[in-house]
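What follows is a set of structures for review.
The following pair of complexes shares a single chain, chain A, combined with chain B in the former and chain C in the latter.
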Partner chain A sequence: MLKNYFKIAIAVLRRRKFFTFISLFGISFTLTILMVLTAFIDKVIGDNYPDKKRDRLLYVNRIEQKGKDNMTSGTLSYYFLSHYTGMMKTPVKVAISSGFNGTNTYVNNKKIAVSYKYTNAEFWDVMDYDFTEGKPFNKQEVDNADHVAIISEDMKRQYFGDVGPVVGKYIEADNVNYRVLGVVKNVPVTSYMFFSDIYLPYTVSKADYKSKSYGGGYMGVLLAASKDDVPKMQAEYENLMKRVPVESKDYQHLYSHANSFFRSYVDTGNEASSGVFIVVTAISIFVFIFMLLPTLNLVNINITRIMERSSEIGVRKAFGASSKTLVYQFIVENLILTLLGGIIGTLLSVIALWAINNADLIANLQLSINFTVLFIALLACLIFGFLSGVYPAWRMSKLNVVTALKAQ
Partner chain B sequence: MIRLQNIEKVYRTDTIETLALNSISLDIAKGEFLSIMGPSGCGKSTLLNIMGLLDAPSKGMIKIADKSTENLNDKQLAQFRNKTLGFIFQSYHLINDLQVLDNVELPLLYRDTTAKERKRLATEALEKVGLANRVKHFPTQLSGGQRQRVAIARAIVGRPDIILADEPTGNLDSAMGNEIMEILINLNRNEGTTIVMVTHDENMAQKTHRLVRLFDGSQVQ
Partner chain C sequence: MFKHLFKLIWNKKKQNFLLMTEMLVSFMVLFAVFTLMVYYYDNYKKPMGFKYQDVWVININNSYQTKNTDSLDLYYETLRKIIKSLPQVKDLSFVSGNVPFSNQINQGGLTFKGKHIDHLNNFTAEDSYKETMDLDVLEGRWYNKSDAVSKYKLVVIDADLKEATFGKEQAVGKLLGNDDDKKKMKVIGVIQTIKRNGDYVKAGPGLYFRADTGSFRWLSKILVKVSPGADAAFEGKLYKTMAGYMKNSNIEIEHLTNKLKDTNYFAVIPMIVLSIVSCFLIINVALGLFGVLWYNINKRKGEIGLRRAIGATGNSVSSQLVMESMILATLSLIIGSFFAIQFPLLNVFDLSAHIYIIGMLLSIIFVYLLVLVCSLYPGRQAAAIYPAVALHEE
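Let's turn to the complex of A and B:
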């Protein structure tokens, strides 16, 4: 039976080349976009380099103070993070780092755009950067405000060229020379809390890291001793924040949270609504509408195709096919079409991701098809096939046999 | 084999009511070869469609193989047609996307038969109509007479008790028409299949056991 359906599905597809093209294009193009999008989201959310101990970590990247007429919200100061998290008992270590800043440097009169960020020494214990050579800077070097740097592989190649080890050599950034202590594997810019070309001790920062202002350019990552300690650590931070006084009488409330990775990523900072909810809802609506359009297109094309095949429907009914059997046949045919579209879409996605990776649109971002993406794509195919087949199939099955036979 | 009692068929639109069949009663015996004649629009095909359970009468009762059919649901009707009835149409109604063998196998798809068994039965049916050498052809590669023979093979492959043929020779020249008629007569004679045939051709009708004439939806002979 299935073989027969397959034969007829392929024959119909070959007979109506234009319709087939439109259908397959609709499915495969939508899938390609969807797969690139999911690959991107998957990379941003799913990739855990360099914060590999994510299940033991909590992220603090925002502080908000609210008054009657005033509100301030943003990243935190080094002082705030070190002072208050220093009071906490649960975290075994706290990584503190600034956001990345941009500057230019020159090699052989060629300008190179460089991003740099400041970190404390514990940053290198909490994070698991892969060192291809050298080692991180230690507390002593940080305390001494030594001009030392960790650089990314990409920076090494750009600044020094394709050479051997560069540990001990000097790199200039923002008119200051830093001695290279280590080289780490690249981090994509989408991991904005950890991406940089050059990592420097926070003590060499030209900005006043000793300022007691709450706001600043820093973020913190708290490491718990075990996964089980994370809720306790989160509660401790929440309690601590309740006790922290507001910065001035302009404000009445202070909010700062130690969140899981995903929540910290999408948190809007707005206390009234959850960032997670907004992001998940927005993505869901986008995907739904994006999938609905080709589905409606397929429904339309399928209804047209039915009318052409009414004689066949009449014959099948006359010779013993029930309405249910015909619905089944038509859905199977549609699933074959959508699966074909799925295969083409997967191939197109591989090409698209390859092109995106090679175009180097986003620094250090290497998108790849993985099983999550493939699973989503195949599931989307099945939903496509099912949704676009059910209504036309139902209409078809309701055709009167005599009318259907007369249609030829 | 087939019993029709006071069959009426009325087509209704918003403004017009047309009586297509008027109180038709007919008994067709097992193994009988009956032809139905009449001018165009007199209700011949409508009557055949009602006998084939492809259309429902507005009034009256149908019994086929001693079974009353009025209370059968869609699935039961489909099963009943599949087991008991075979159809031959004037314009063949073959599926052009499928090869001859697949076309003939079609009624068996809706039964519990294996692919091997389907192939065997379909090849046998094609041998009976002299087309065993055309199994891989597509309908569009065949002549009108050959297509109608494929359609006959499809009608008999499931060994139904009754074959309903709606002007089976209507689209063919007389030589091919005679060939098709021979096949039907042999089928009736050798296998005992009950055949009801709608025709415009007096000569063809004369070759059957009994002739029923319709005029304006009523039986006149």
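Let's turn to the complex of A and C:
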């Protein structure tokens, strides 16, 4: 049966080449855009380098204090993070790191812009950076405030050029010489919580990391012993924050949360508006409008095509085919068309992604088609084919046998 | 004639409804794209307000702090002398963190004569700011030394704020402040609005305050005007000099030219992506419309043949078909405009009304053109139908 449908579908497609072209163009292009979008989202949110143990992690990247008319919100101080997470029992380890800041260094009369980030020693245990050479700094080196640094591959290439191992060499940043301890694979800047060119021990920071004010430049990542401990860890942090007093009389409430990666990634910096809601709504509206037009177009084309086949439908009906069979046949035909468009769309998106990667719009952000992306594309194909097939098929099945036969 | 066309459209309402929905959605997409384009163009044609070439920004993190204001001033005045003594430095000004093309914002609000002005940028700068930035003073003057002692608190405003508060009147010499404020500020000058968000994004109104003693505590950036030939070697020297003097600070030097490029990049990339996507959507819609109209005409051969047989000219037949699709387009545009007009009425995105209106007009013209182009060829085909052949077919 299916084989017959397939044969009919191909025959129909070849009959009106212009219409086939329009349909395939619409489907494949829409899919290409959707796939590039999912590839991008998947890379930005789904890529778990360097925080590979993501299912065991919770992220703390903001503290908000609110008074009647005033509020302050921002990253936390080193003191706040180390002091309060130190009281917690569930986390096995706590990574604390500053956001990345910029400075310059000058080599051979050439300027290099450098991002630097301060971390504690546990940061390297919680995160799984891929070291191409060397090793991370340990607690001893942090406590001694040694001038040591971990650098990214990009930084190594820019500063030292294409040379062999650089561990043990010195790199000058911010007018201070640091001994290179290790080189790690690049992190794209979209992972703003982990991106940097140079990673330094927090103890060498020129800012006063001992300051007891709540706000500062640091973020924390809590590691639970197992996946099951995560909810417990989250509850413990929430309870702890309820007991933390506000910093001054100007404020009445204090909020800080240990969130999952996605929730903390899209945080808006304001307790009142949910970043998750905004992001999900924005993407849904875009995708909806974006799919609506091609679907409408396809429905239009399909109706036209079906009316052309009214004699065939009339004959089939006259010989006893039920409406259900006809609807079924037409949807299958349409799915075949959509899948064909899907294959072309996949090819197009491979080309598009290749072009985007080559254009290097965002450094180190290599987009690729993976199984998630392919699966979503397939799903979109099916929904697309189904949506644009149902209404025309229904219209078709309602055709009166006599009029259908008389039409020609 | 129109009555007849409406009847024809009504007879095929189901199919026409789908076509209309398609035109409606295309109109909304075009409206969004054109509005954004008009908004960008509107900002693009405004003057930059200052000369950003050869101006560098020095960011100082974790700067020198002391409770004693005198030693604070001494420390930074020494720094100023050190930088100024470098050969290629022309001028410099300590400024608040919200320099042009940076993400940092410092905004407040103002209620003036019952009108509330939102997103008002507050800047703090020194007397030398005018020379460093090569400001365009439209009215009055920039600050000078004599402003240190003054009865009123003085303020310089930019053209956008003047437009919002005093309108076309002269602003210099007038008082500015919240309606319920007792101590109002006196406007001494109006400068051209500095496009702090790059070429394409609106800057918003701004208030400029004069830096006074103690401001060094939080003036975290220095703008330096250098001579045109200043290169990386000189920049390295400037950096070393600064770092040598401010041992406890993190220092970063950026060029406004590069910062402008980055800022524009972030504005232009979404625009390009949106344009490419909507371009393909429109091609898609155009092909679809063309196909459907073409097919419809083939189906109506009998009707057309009959009209030709009783004396209608080819032109009148093709214009009938074109008119039919134009009426469809008009109907969907009326509905679309109803939705579109809500944007300026409800002031959804804080854009001025004329941007929406131009965007709307452009998209209306575009949809009409699209429909015209798509129906012209099928219409011409219909005109070429011979009555004898067409009637013979039935």
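Everything below uses one rule, namely that the second predicted complex is superposed on the first by the 377 of 408 C-alpha atoms of A that agree within 3 Å, B and C clash if a C-alpha of one lies under 4 Å from a C-alpha of the other, contacts with A are read in each partner's own complex, and residues count from 1 in each chain.
What we mean here is this: a contact is a pair of C-beta atoms (placed from the backbone, for glycine too) under 8 Å apart; a residue touches a chain by one contact, two chains touch by 3 or more.
Treat the numbers as computed from the prediction; the structure is a model and nothing was measured.
Colleague: Between chain B (first) and chain C (second), which does A:402 come into contact with in this model arrangement: first, second, both, or neither?
Modeller: So A:402 only meets chain B here.
Colleague: Is A:3 touching anything from chain B or chain C once the two structures are fitted on A? First, second, both or neither.
Modeller: In the superposition, A:3 contacts chain B only.
Colleague: After the superposition on A, what does A:317 contact: first (chain B), second (chain C), both or neither?
Modeller: first
Colleague: Report for A:11: first if it touches chain B alone, second if chain C alone, otherwise both or neither.
Modeller: The answer is first: A:11 touches chain B but not chain C.
Colleague: Should A:296 be classified as contacting the first partner (chain B), the second (chain C), both, or neither?
Modeller: After superposition on chain A, A:296 lies in contact with chain C alone.
Colleague: Which one hits more chain A residues, chain B or chain C?
Modeller: C
Colleague: Under the touch definition given earlier, write down the residues of chain C that touch chain A in their complex.
Modeller: Within the complex, chain C touches chain A at residues 14-15, 18-19, 21-22, 25-26, 28-29, 59, 61-62, 231-233, 235-236, 239-240, 243-244, 248-254, 269, 277, 280-281, 283-285, 287-288, 291-292, 295-296, 299.
Colleague: Touching residues of chain A toward chain B in the complex: what are they?
Modeller: Touch list, chain A to chain B: 1, 3-4, 7-8, 11-12, 15, 311-312, 314-325, 400-402, 405, 408.
Colleague: Under the definition above, what is the set of chain A residues touching chain C in their complex?
Modeller: 18-19, 21-22, 25-26, 29, 33, 101-104, 106, 109-111, 113, 174-175, 206-208, 289-290, 292-294, 296-301, 303-304, 307-308, 361, 395
Colleague: Which residues of chain B touch chain A once you look at their complex with the stated criterion?
Modeller: For chain B paired with chain A, touching residues are 49, 52, 54-55, 74-75, 77-79, 81-83, 87, 89, 91, 93-95, 97-98, 102, 105-107, 109-111, 115, 154, 158.
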